[in-house]
């Protein structure tokens, strides 16, 4: 199912004017504070009636100002995780979680028990929202939206209030949703790691306008665009789990190259997306020896882009795929890198962090 | 001024029982969602009256259940940035910002104009909170607390709702507050980078108890403790700006060693704190040549700790200070590292990101 | 009890019956009207609002007289209702109607204020979860305005216990049938030396109404505590 | 105007004066009491609450009679006030007192509901910014309850415009001094054929009260819009 | 059988006694509904289920007669009353009218344009050439009993009320009884309501006019109607 969005809505001192399509999978809305992300999501959910616009989900038109179609919010069945949790204060956590289920004809892809487990909110079920911490509230809000068996998910910075460990527990769930169900997910996040790990498509907003949209691999690997700031650039490789070793490392294979990572849980044979952050990659003209880094990919320079700053972004074509490396211009000069220069990419095992591995 | 906190407060299914001291500077309260951070801050602000406890600020007792002292919140003058912004809905942004100034006898260390500028909320001054985005609200809340000229600052995840660029603009302000004023800052954050950059002292909470407290350098560099999760371990070096080069790099000196970073704005001669994340460091037995990484520090292994996982945390004594490296156990074995082994640390210039440089 | 005659006890019982029915029957309508006034946008809203307040503005006797004109045996509404077997004038049901009408503005205001205090964002959240407007109202708005609803009910009940002018004008003061406590008090006050009997009735009705008040406060506190989450 | 005599116009003017004073003077006290009931914790709270509701529960004549007993020329309070030069009985000031007392429970309830709807977290935020309890009230609570305050005021005003029983019992009916519109209407209704004159007065007082109502609604809407932020 | 009687409120005690006697002898039950004459008359005009109406003045009875709502043949004046000037007990002036005129005390009366006791009182004072002088000092109440209460509680030093009221209130004393020729005759007419009459109702009306009932009325201070 595809979610098509076309909106125009002027507000005091701010005009939203966007058009994008969110294909199946997870589309990240990315942009600075005040760029219009929440406004877009509200319009898709039917909570804001834009001056002009059209929203269609899998061929069904939810609203169209031209033909005066307007489906009210409760008929849209969007699982909306609000930026401010908006739990029902008079209901217990359990009742909050169950609220959407009353209205859903069928139950969703995930059972109540699974969601509770994933969110770690088991001990809170009989409390009321007033007696929860900020992060607990946000987790319940996520559960409530997911359990409503929605046709699409709208998540507005769902993990912002959570600690890293908790994020690490919830992210895989969004991955599963993205990969195993057909429902489109619109996801707002400021976290580069989250975006990189989750996004199928990235839509970048600025001052109410879309300034860039495309597949995550495209937007994130294009050295001409570093929507997340230079530090977030990175390439995405597709790899397959080969073996789990006794010393706690997992061996992967990507286009015939071997990669070692700290042990991950996926079974042998699983296909994975690995994000290799550009700034974690060291380049070397000779194949380096005696280094603590275990992963070395050989290839040749495909492109070098230097911007205003001291850095340069080098794309290296390897058998495993394109790898991005962010190095200093001084190093690029010292190593005499040009297009076509043969070169090795050195990547620490631990630099490929768990949160950058997704399916 | 030192903030001393000692609290015991049982709640339904959760008991807070903490004692810690926040010396001048910035103390980060760190812990998982629901560990009691907001509860501690509420008690310090006087919004929660704990069953037992004592809070003292610079020798003045704000509350003491033993001697029945209780200073009401408005006499404590704590600049509290709430986890949920809590702006006054009936006041404009300008009036919200000015609210605390009515009551402050003197104006704070920062002018109204400076705060507006730093937070980028100039165009919003005449709006009401209802017409702000989530991040805009949070920024106004920060401004409101800072402008009240408080005797201490309590900031509960103040930057969680903000994009990286905006964070990058506000973080230096907290640094200046930490370094230039005497007021203690209690700061809740889930972001390892923020903690590392800002913290003078770190207090780690778990289930309502303090499980670790100490100076940031100590807590963050101690390989026995990685309170922020393994990925957040890192060492802090003290360095001095030597020169700004034409190719956009800044040269620093630390204990006689040279380090190169992407250009930073501090003038020559400035002393800086640099955080070198352990996972960004590659170790090599020979001095490596022909690598894109510009920074190589020589030293010898001081300690190796391996935990349950595949990783090992190696502390390397160098002339610049102790550097932590997170490598795989397999590499440690391959490089035959033991205590005392001479070794080189390879650090990419771009790996030392701007947000890890503080004063 | 020796100090109140059977007629007076009848009046007490009748007042309770009348007040309970008046409160119970007007509450749902008050809820509807309050919701329309708080959230609705329709022509004639100002008119409806004015109409609701009318019993407050008019001297009670006038209200009673207007009720008699419309719901009396000769009034069109009265005749229509009589044809379906419902007599109001000079009947306890009419006393309940009078009490309900007089308490209506108080109920509506209390409920309306509560509805206006409900954060529409919560109602929006319920809508995104699939609740139609009716369901949103039943599962979110209604529980959240419970304290206001209780306040409205107790105001209506207290007013009904004290209502005199409209009641005596509309249904007269027939012992055992339409003589409420205030009517009985009035009758006692009309005769020299009736003050002590009147005072006894006053005390009883005050005790009953205060009892209801205390109970309502306890209920409202419980409802509010549920929302506060502790 | 030819269809109302000068005495009736006097009654209209007096009713407006009485209602305005009653509303203006009781509003601050109602605010205080509402705040105490909504947020306070003190012994005698239930008693205060009951006392406030008393004028609603009692037949108006009884309230008027009690006022006469306490504030009349022979009452202790009346004598105390008389010694400082304030006469209430048989004076328009007494009509204002009666109207204020009768409208008091309505005002208190409206304001109390609004106060209970204010998020204490906002008040806490103000306190951390240095505002004492009084300042918090003045700068946060008060502006936020403005719609409730306006509702309370208009309820009080409307009630004052319609109040009859307590007023005539306490201050009697002295044309030009204490004859309010309801008293005049009552007098017209006492004589055969007085209906049309009564109806004219009813229309005038309804028009005035509805005008006040509309104005109050507009004010309240503005206050609410300010808070909603649009 | 139940008979519903709408009666002026000032008759309450006397009628309660009479009805009790009637119930005991006939076995019929009597429901007495007391309110102001105007309220009762209007209710009967609009179809109230009353069999008998007893008014405190002839005007409302006339008004109903014009509408055909009462049976004119059944109409009869039950009793009469006198108007007295009263003061709180213990006050013993020698020249009551002169003292009253000298002032400055207020005078409590029922509404002088609307309520019978007030209308009669105003007529009497006018006849005595005192009205214009006293009018500014008159406080008007919605019924005669309220005027009595004002004097009884000491709130007002003078009042003009029915003799029946003054007699029953120990806290007041009559100062002066107005001559009957100073005001229109005070009458309490009773009649059967059209379309509601029954044998029992007629019997009750007859009983009200009986010597036995009149004796009770006189005991409460009412006076016989002088023809």
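The letters A, B, C, D and E name the chains in turn, as written, and every chain counts its residues from 1.
Basically, a contact is a pair of C-beta atoms (placed from the backbone, for glycine too) under 8 Å apart; a residue touches a chain by one contact, two chains touch by 3 or more.
Since the structure is predicted, the reported quantities are computational estimates derived from the model, not experimental observations.
The minimum number of touch steps linking chain B to chain E comes to 2.
Under the contact definition stated at the top, the chains bordering both chain A and chain E are C. Farthest chain from chain A, judged by C-alpha centroids: E. Seen from the Cα centre of chain C, the chain whose own Cα centre is farthest off is B. Once the centre of each chain is set as its mean CA position, chain A and chain B turn out to be 26 Å apart.
Distance between chain centres (mean CA atoms), chain D to chain E: 35 Å.
Chain centres here are Cα averages; for chain C and chain D they lie 20 Å apart. Distance between chain A and chain D, defined via averaged C-alpha coordinates, is recorded as 60 Å. Within chain D, residues 65, 186, 189 each touch two or more of the remaining chains. In chain A, the residues touching two or more other chains are 84, 127, 131-132. Multi-chain contact residues of chain E (touching two or more other chains): 149. Inter-chain contacts, as defined above, occur between A-B, A-C, B-D, C-D, C-E, D-E.
Contact residues of chain E toward chain C in the complex are 4, 6, 9-10, 12-13, 31-35, 39-40, 42-43, 46-50, 143, 145, 148-149, 165, 167-169.
Of all residues in chain C, only 61, 65, 68-69, 72-75, 89-90, 168-169, 172-179, 186-187, 189-194 touch chain E in the complex they form. For chain E in complex with chain D, the residues that touch the partner chain are 36, 38, 41, 59-60, 62-63, 106, 108, 111, 113-115, 138-142, 146, 149-150, 153-156.
By the touch rule above, chain C contacts chain D in their complex via residues 46, 49-50, 53-62, 65, 105-106, 109-110, 112-114, 116-117, 147-148, 151, 154-155, 158-159, 161-165, 181-182, 185-186, 189, 198, 202, 205-206, 209-210, 213-214, 217, 224. Remark: chain A residues 11-13, 31-34, 37-39, 83-84, 123, 127, 131-136, 139, 156-157, 160-166, 190, 192, 228-229, 231-232, 245, 247-249, 260, 262-263, 279-280, 282-286, 288-294, 308-311, 325-335, 346, 348-351, 353 touch chain B in the complex.
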